[in-house]
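In structure tokens below, several structures.
Here subunit A shows up in two complexes: once beside subunit B, once beside subunit C.
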Partner chain A sequence: MITTTKEAEATVVNVTIREAKFDKADHFHSELVQLIDRGEKNLVLDFSQVTYMDSSFLGALVSSLKYALAKKGEILVVGLNKDIDNLFRLIRMDKVFKIFPRVPEALHFFHER
Partner chain B sequence: MSKPSKTILLVDDHKFTLELMSGALKRQGFSCLEAQSVAEALSILDKQTPDAILSDYLMPELDGFDFRRILLEDHRMKSIPFIFLTSYSDEELISKGYELEAVDYISKETPVPLIVSKLNNLISTVHRQHEQSISELRQAAEMLNLKTVPERIVAVPGFQIDFWHKSYKDYPGGDFIDCIHANEQYTFLVLGDVMGKKWGAWFFSFSFLSYIRAAIRFCVYDGEYSTSVIMQKINQVISLDPMLGQVLSTLALVRIEHSSNEVAYTGAGDLPLLHYQTETGQLKAIQSSGLLLGLFENGSYSEDKITLETGDQLLCFSDGMIDYEDENGEKKSDFDYFTKSIQPLLARPDAFNAICERTVYTHTNRAQIDDSSLIFIKKTMPQ
Partner chain C sequence: MSAEKTISRKYTYHLNAPLLPFTDQVTSDLNELASGAISAEIVFNLRHILAELIGNARKHAQEPVAEFEVTLAPGYLLIQRLDHGKPFELPGHGCPPYAEDIHQQVVSIYSDSLSQVSAKVLDAHTLLFVSEDLDLTPDDEASCLLEHFGLLLISKSAENFWYKYDPEQEANRFFVQLSIGRY
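Presenting the complex of A and B:
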């Protein structure tokens, strides 16, 4: 479901499913928690391959952010398609996550911090 | 809408057998996923959940037994019906397969029509058992008087209030609705969506509703009617709850003042409300600033005041109303599409029924893919 690449600034997590739904939510959450527990606290989640996200998966994503914040980490989100980006803004997820168009912009954010 | 085909994951290291079986099953209307090794099968299962798995015994590296053992350790995958497909008729192997909770054993020499009927029987048996369990749990919840959607909404003078709820595939889900008649002056309406998986979300929705009902009652008792203050109190107690603090929920809280045409609204990570102005025919989205319940101790809740003239309508709904699967099987969330498609319906005297009908897709082939809930408020009398 995910592949990871470790960069100097953060770990880039490529989400490799098309439909991010309730049946993948728990698994996704536990994979992110494992990464954070391993010390990879700054994550860039790349959703460019994802075409649809339901509320259960969003819940898992937000829970992962809560977990990361408690461990002094951060999760950035990139590659949202138009519909998902619109949904994020409608339900104020854009106030919860920092959203960037692509991975380099997100890595740049970590670099400049 | 045509019935979706059942998906079978076929695992066999022999490409020829795999293609032969896959071709035969596809001709019988199944969809097939093919893996030539256990590693490949696990990678497929990471992304998709088939209706059943048909796996060979003997394979290099990890064999069929190893595969089954791995699946049994995974909560998500252990319940997928698993059948061993083999050319061996060794009793010992068969018995080893059953010990690993394989639900059946099929010899590769079995004629295809028989394999198809075994698969169909197996999938429908699993489905029936599943439905029976759901039905029993639902009956138990009803006996305990646990309801996440009221049987009826109390009449509020000067307003027509209706609600509609349809769970996805009749599974209980995370959506909840309530109508709280606080006193002679105020009625509160709540609509929320617990962000979790079917049953998990359903169980938690009762806990959320208990806190919400209690917070409204306590606030009203203290003379506090502000929706933003009530929302902040709900959020605080939920954030402090060791269990619910790990779960997240949206919430729309609407207060109706019986003697006024002003409605107060505070949202927590919910979709914007839609306000239909009957005089101009315009449909306006009202977006709140508040964040999901349980996310941060301060959820930045604001209060919007909406003036409803006679005939004006206010719609409050969960994300299932805007999610759909299109003709090509692509799932989408489209707020603008939902808004545009219901706008012409709102001028009709039976607007509420028309929206509900539209949402069950009697007039389109776009399928429901999540719980859908709607609260419909219409101002009916001038003050």
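Presenting the complex of A and C:
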């Protein structure tokens, strides 16, 4: 479901599923928690391969963010297509997650922090 | 875009079936009924509303199917979902029939620092869901955010969203109305 690349500023998590739905939500959350527990607390989640997301998956994402913040980490989001970006804005998740167009902008955020 | 007459289609969705082929089928049928005049925004809202209604049925229905009826009418689109599962439990007030002393009152279902979802109790068997944006201050912690967005997503996508329990049929009916005149 995910592949990771360790960069100097953060770990880039490439989400490799096309449909991010309820049936994948728990597994996705577990994978992120494992990364955070390994000390990779700053994550850039790249959703550029994801074409659809439902609210259950978004709930898993919020849960992962809460876990990361509790461990003094951060989760940034990149590569949202128009529909998923609209979904984030509709339920105001754009107020919760820092959203960037692409990975380099997110890494730059961590670099400048 | 406005339909000239009222047209309905019924669907039976098996709760273990893949989601997206079903939502694609409904939106495609609707577009056909409306001669291709359904906007991208309506399609976006409709897909998410169907997905959330199915997600709700998966959690609460006590049978393997959910019945849908989609009605295209002049100026609006109405989506109905019917199941025979457990009736909607209003926090602090239980299942229908809802007590008379809370009729016409608004009861909070859930809220966090971003949003609140409530239900206005219209009568013993009917709830009207409403959502409200709240102010997230810079000091608010994400730790208090809720992780369930189904009712919020539907109520924010729809013009009207209500629930009616039919005690004779022991049936739950959810109704979601989308205005199509404004697009």
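Note that the second predicted complex is superposed on the first by the 113 of 113 C-alpha atoms of A that agree within 3 Å, B and C clash if a C-alpha of one lies under 4 Å from a C-alpha of the other, contacts with A are read in each partner's own complex, and residues count from 1 in each chain.
FYI, contacts are C-beta pairs under 8 Å (C-beta built on N, C-alpha and C of every residue); 3 or more make two chains touch, one makes a residue touch a chain.
Here the structure is a predicted model, which is why all the values come from computation and not from measurement.
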Touched partner set for A:Thr16, first subunit B, second subunit C, both or neither: first
Partner chain in contact with A:Ile84 - subunit B first, subunit C second, else both or neither: first
Residue contacts with subunit A in the superposition, subunit B compared against subunit C: B
Which superposed partner A:His27 touches (first subunit B, second subunit C, both, neither): first
Touching partner for A:Val44 - first (subunit B), second (subunit C), both, neither: neither
Which superposed partner A:Ala70 touches (first subunit B, second subunit C, both, neither): second
First (subunit B), second (subunit C), both or neither touched by A:Val96: both
Subunit A positions touched by subunit B in one structure and by subunit C in the second: 19, 21-22, 52, 54-56, 58-60, 62-63, 66, 83, 86-87, 90-92, 95-96
Subunit B residues touching subunit A - in the complex, by the definition given at the top: 46-47, 49, 75-76, 174, 193-198, 201, 246-248, 250, 269-272, 287, 289-292, 295, 300, 319, 323, 330-336, 369-370
Residues of subunit A that touch subunit C when the two form their complex: 19, 21-22, 52, 54-56, 58-60, 62-63, 65-66, 69-70, 83, 86-87, 90-92, 95-96
Complex contacts: residues of subunit A adjacent to subunit B: 1, 16-17, 19, 21-27, 51-56, 58-60, 62-63, 66, 83-84, 86-87, 90-93, 95-96
Touch list for subunit C against partner subunit A, complex: 19-20, 44, 48, 51-52, 55, 58, 114-115, 133, 136, 141-143, 145-150, 152-153, 156-157
